[in-house]
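After this come two complexes, each holding subunit A, first together with subunit B and then together with subunit C.
Let's look at the complex of A and B:
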């Protein structure tokens, strides 16, 4: 028997953004339902037991960008969210050298001085410039992107806010900002540092999750997506969610249920029900139907529009804009269960850098070459990885004495090239194994006994991530972070304020401004738009303003 | 002892086209100007030279793109230069070439091309948006440091005017402009058409002279810059050197003195103000103002870094100018024959860029300082129809990507490799080329730097990327031509708006220094 219930609002997809939207709507008094195709909520922010006794953040794996305003509005700590800052990190060259990252500024200076005395002062200038950009951009994350073609007072007001802030920082600093926002991370680092190894350490953050190389203009800005967050107000810090990333989703889910919202898992969307250009509800794959005048999709814009709405119901220009929106799979992941802590012969034993992330970037050229492989449809022969050992901070994630590794790997193509044919179907078990071997080879450079320590390894190609989570091409940001896809261009010009041409249908995931990174900002901003339309302006999420 | 010569109002260092335009513009307003050129010939990158006995060839630039009609009108060049737009042939591996003539794209044999409409739409947009931005090239970059004063209002009004014009486009084109202006040509083309010669041509046109591949964001802007005065290049009669000759005529007729073989070794500076220059022989020439058409960094060195603060020196050192373009001139014994190209079409521009991927792959090698497997080439045979040179034929090729920072350096062997690579690539389309060659001149980016003073041998003296444009060109805080020391001005392609044989930087800097009152 099929069911048919009515709600005020339905959210499709229980990722962190969908849950955030749902929380705000439920708190404003709307009868809200969240449907999720998987058996657990969280989308890409989940904790999964992949191997008996090991709890993984099996997609996204670290937390920093989750907006404090949202944590406070929704009282997430009350629902169990605890973010533990991790300390440091390290980049190794595989030849005995390493450069650690330390939260103590003077320790960090001494560490850089080991590699280049000149780069010590460069580091101060670099860090100050990046932090100034962070402070500039942070208030914009929780504000809607103004439509420059619009004459509506609110859009003009937002534009004036932007111009005023630029006026306040002065023309010289605006010049620096224009440069920073449009430069490549490689060129940006070349301006500051002389040591290739120091540059390589900082470069990773400019390319994570993108389909761009370190010398592609616009990647310096991507750096901000890794620096503009904070852990409890400590700007630029990163942390682990205790209990793995699923803890964020669980807290959001609990907050939602307390506010009276409902969550239905194992409930995959069939299609949006649309009558006369208005959404009236959703039809599930199992035949159930739910009605609501407001439907918010947490899926990326391509999946929402091209798979579940139907081109015939939409203006041609909009469909075209969605089709050309670039969501490029460029990264894979390995989740590895270890029977003991592996050895890192090049590192001091039990240093605090073990509690941070590891990379093996030898030079900018190595990173750029990794990108070149990907452009041709191959995974990088010398891949960039961002590896963490979360059990060094949260030992409860694995049985006593055992460890785990989370290895984010870039670049890996979605449509793998085999013999000149590019297709996601080329990701066979054999290819996945070969990809893993390539990553293990790279890991072995810094951790020679890694292969002997492995009890179990889960290998996830971009195609796997797409299949499991629903992210198009497995892209972690639900869309490239290039200027043509940011602000008022995200996800499509004219539809950048979470709306779509279908009345009542909203897009609330990371395909919208300000993009991905477990920020929850798109979800909160979308809730604000929905509540504004309903006239519930007192229940809207906090609007960020100048904070420093 | 150094001897002092008569005093000028303005000395211009470098007789490239920008330096000459500066000189002519100032002379027109009654200023006494002297141009000093270290080489024995005038014209820099835009000059002609005698490649073989009695045969003139364009040294580097061989076509006009953003030849600026305003500059030409102001200087009265228009009637002196005989130029006509030419067609473009995008060469195809299978012999089915594509021709663009009078804005329309079709197969070279006259048949309809399936991507003609997509090409026309991209071209329409790029030309329209380029035209919108074109006025920016003819004024100093906006100065916002004036804030809310009267002077500041004037600057703000200029920006508001641009915004208003953009608004007049209507929502659709305005949104399209804001979407694509910082994006890459690879996606823009391949969103509309399959990869092939048409996409390859657009990709190549976006990256000529640049350290950027088609996938690099910012390449759509480069295409707008190039197409601002129309997408079809024009070929001046007697080569690009004819433009320089015309500017020289105008300058001389107004009393500008041009000295060749006069290399400047440094500036004379007293009390933080320029008083003249010292030539390499030791003689001094005094002037109230010195303009330099060299790149920004060499211009700073000429004044001496002690006159700049550390931060400025750091910024100047970081100006990116990594040349990626070489020039190869061939003298041929017979008229070259290209399969699938008619006699009438041979006077056009030829582009070897069979796909956007091909262009990207060439860049992917060169960015590491290696020769590309197959370079992207633009060639013209400018003298084919010129009766005076009958019996000998010239092929003028721009070859990209050829890195300035070549691994192993630019020695004779490297130059021979450049020659061989160019001839190999051309031979795939011109089968009898090799036997037909009488003489080769291959100019590497390193050679171009040595000869013209352009940093890195870069056409624009500095990459035309968003982080080096407008208010941050050549560097943040120095965009309005005044170059650190009172009375010292930058007038070359390193300044706003950049290169191309447009003369805009030379003109703008001359007008700016008059406005600044440094001559009074």
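Let's look at the complex of A and C:
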């Protein structure tokens, strides 16, 4: 039945990080197998045709964090990956006002001046500070997180590097940095801006994917996480993968196969085979077994450890650390096929900025209220959405003249509250429809005819995302991006270098440093660690010191 | 196009840059009004934003005004002989209804220019190029039975390039281009010529018609493509990125057209530019043949090569080193390739570098960062194939996107 049941390395889960790890291992000469429970590879980076003629990026929907160093190193363009950036973006208040994000500085100043002249210079200050922080943090994306308790030369070297970078940015900025990493996006924006509408425009990036509100500490860093991506050297720029997000996975899959790796789909993991504290392979749900001394899990840390290893094989404090790892579902997604472009009566004629994302954030208060509903276990009655119409740019996703709309919605709880009982099982079809209606109500504020344009809509609650993709609680980052679980604390103290207490078992997904987003950095960093332990020194991509 | 102002009084030539037949159309949609001069005409550097325009070339479709390009019609019983005397390749192998890339040299074998040869009929050709060739063509045609006319100013052209360009033509009622292969040329409707050619390396066509029909042609393509297939006009800056990804040469940058330089040693042979394969010594005499034979046997003095340079900063104007301290050449064009995600360049190296010696090359790049210059030595690797290739550009019939 199988060609061979013995490998040098097995990667569990064909998400973008798992595929990236597998590519590097295969390129280093390891006989590598990837197993994936779904019928298509990609995990949360997929292109799916759910309605005839329409391709949805039905989970993750934009890429910018995807490290260019990795794209270049793995030659993904040769395997068909084309990243097409979009610029701009617009926030509407639903009452006739809008504020756009223009790439040209002087235009952006004019745009802010329309709303609040005092906020114009403030924007420059704000932008400069955010960019400075991005420059500081970007080199760390493709480096291992140093373990401050370790005395190993490499960890000490990494710590020295960190201190040196801090010294370089200056004493005042170090203070700013610590503030930035721990404070709320709401407080941060309040320090700069006066206009509520202007603040609301910038706040979205601080909460996206996170079970926190705009005034929760730690959300300023989440904004940074979304800004530090870049497309073609323009920091903070976002892009689509031509042919939807699955194009990334497809290119990674093709690169892997060229490097001699194998992929098996419809092959869900039963459990890791562990003997005497060492992993020796995997047992699939269908009973097949594959042996390998190295097994890399692309699943989040909770799923990996709590579902597929079992606490009897692990130290208690590690299990505790994994159990307390915050990984809360906070967002849902609507993917909509449209028979024509909806009308946006509050926006001027089509321009570059209207190819970007749309939001309807009226104020920080509105966003905080949206969070309040979620805390109680309800979806927001006035939700935050991040909406895009990728067909404005990508001609491959829908028939000409027709469109596809991707609506990321926040907040939506994983364990929905019905009559005081909170459970993911409460997400019935009826509840899902009611959630969608609530989102359409909100969308109607900016495009009143949206309901008439709909041909098909896929509605995904956090519970659906968990069930279909495997992300615990439907958390898109495989664990929240707050300071308590970043760097050497991600996912657990002492195990931040992609290792686990089980020898040979690695975690290579977004639960590890540097975290979530279709970035592929955890996958590449993990491969570097695995190869280093094997004594193979392979050139891995880095962000060069002089590139920022 | 009026090159001279007509009046009863003594006239002066027009001092202003002249609008091309498409200028009004471009001006109407240009958001940034960023123009420059090309052959006395106003053409766009940028229409809206370079990034948007570049990505439309690789993702949707684009219109670029190529009207100012020099266009010479060579017609008559000896047309083939004249063309074969002019260029280094065998023009007899370019069939009727086909287009071929060509270079031509002076008697020393130095490249005068490169361009495309359109074969309209057995005895009729059109030469499209950057440099002015009217006099040179007459020189070459001396004693032959041909007529040579300069059509530069009365024949306009649009390059329609990008993966949805076939869809745009289809929507515009020109679906019959479907079976045209790369480098095919056809009079698709009376007075409207289409070739499947371009300067981008992507799926694309070039459309030519009499200038009086320019607006009609523009409106027809715009109406068909803008809303449905993302068709937008582009300027030079976006095109420059695309052509470098494929490795097309730009006269004046990647080589110096020998007729316009005062320093005669700036001339380069086709071998030195990497186009030795085009030279056909078997076809009989042509300009520069004897000199080129000698150059072939003696070997190239220079090599124009494609470089893949580490890092992200384009190696614009960089010196190329062999090892750490020996300068062996310089970059002629450089750009970050947004599609290949590579830092690419064309560079001219002194032989044997870039030829027999391909390893150990470094680019010295100077980068200005907020008030300070940084000097960076980055590894440069010679690449033999284009940085961008895509099956869709050659597929017949083409895909819809």
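Everything below uses one rule, namely that the second predicted complex is superposed on the first by the 536 of 548 C-alpha atoms of A that agree within 3 Å, B and C clash if a C-alpha of one lies under 4 Å from a C-alpha of the other, contacts with A are read in each partner's own complex, and residues count from 1 in each chain.
Basically, contacts are C-beta pairs under 8 Å (C-beta built on N, C-alpha and C of every residue); 3 or more make two chains touch, one makes a residue touch a chain.
Quick caveat, the model's predicted, so the values are computed rather than measured.
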*Winner by number of subunit A residues touched, once subunit B and subunit C are compared*: B
*Check the residue A:494 against both partner chains and state whether it touches subunit B (first), subunit C (second), both, or neither.*
first
*asked:* A:68 in the overlay: touching subunit B, subunit C, both, or neither? Say first, second, both or neither.
replied: second
*If you stack the two complexes on chain A, which partner ends up touching A:172: first (subunit B), second (subunit C), both, or neither?*
first
*asked:* Looking at A:183, would you say it contacts subunit B, subunit C, both, or neither? Reply first, second, both or neither.
replied: first
*With the two structures laid over each other on chain A, which partner does A:289 touch: subunit B (first), subunit C (second), both, or neither?*
neither
*Does the superposition put A:503 against subunit B (first), subunit C (second), both, or neither?*
neither
_Touched partner set for A:77, first subunit B, second subunit C, both or neither_ = second
*Check subunit A for residues that touch subunit B in one structure and subunit C in the other, and list them.*
none
*What part of subunit C is in contact with subunit A in the complex they form?*
31, 48-49, 51-52, 55, 58-60, 163-164, 167, 171, 227-230, 311-313, 336, 338-342, 367, 374, 376, 388, 400-401
*Could you pull out which subunit A residues touch subunit B in their complex?*
148-149, 167, 170-172, 174-176, 178-180, 182-183, 187, 190-191, 212, 215-218, 317, 324, 326, 365, 368-369, 372, 375, 482-484, 488-489, 493-494
*Of subunit A, residues touching subunit C in the complex*: 68, 71-72, 76-77, 82-85, 87, 103, 231-234, 242, 351-352, 392-396, 400-401, 544, 546-547
*Provide the residue numbers of subunit B that touch subunit A in the complex, in ascending order.*
143-145, 147, 167, 171-172, 174-176, 178-180, 182-184, 187, 191, 212, 215-218, 314, 318, 320, 360, 364, 367-368, 465-468, 471-472, 476-477
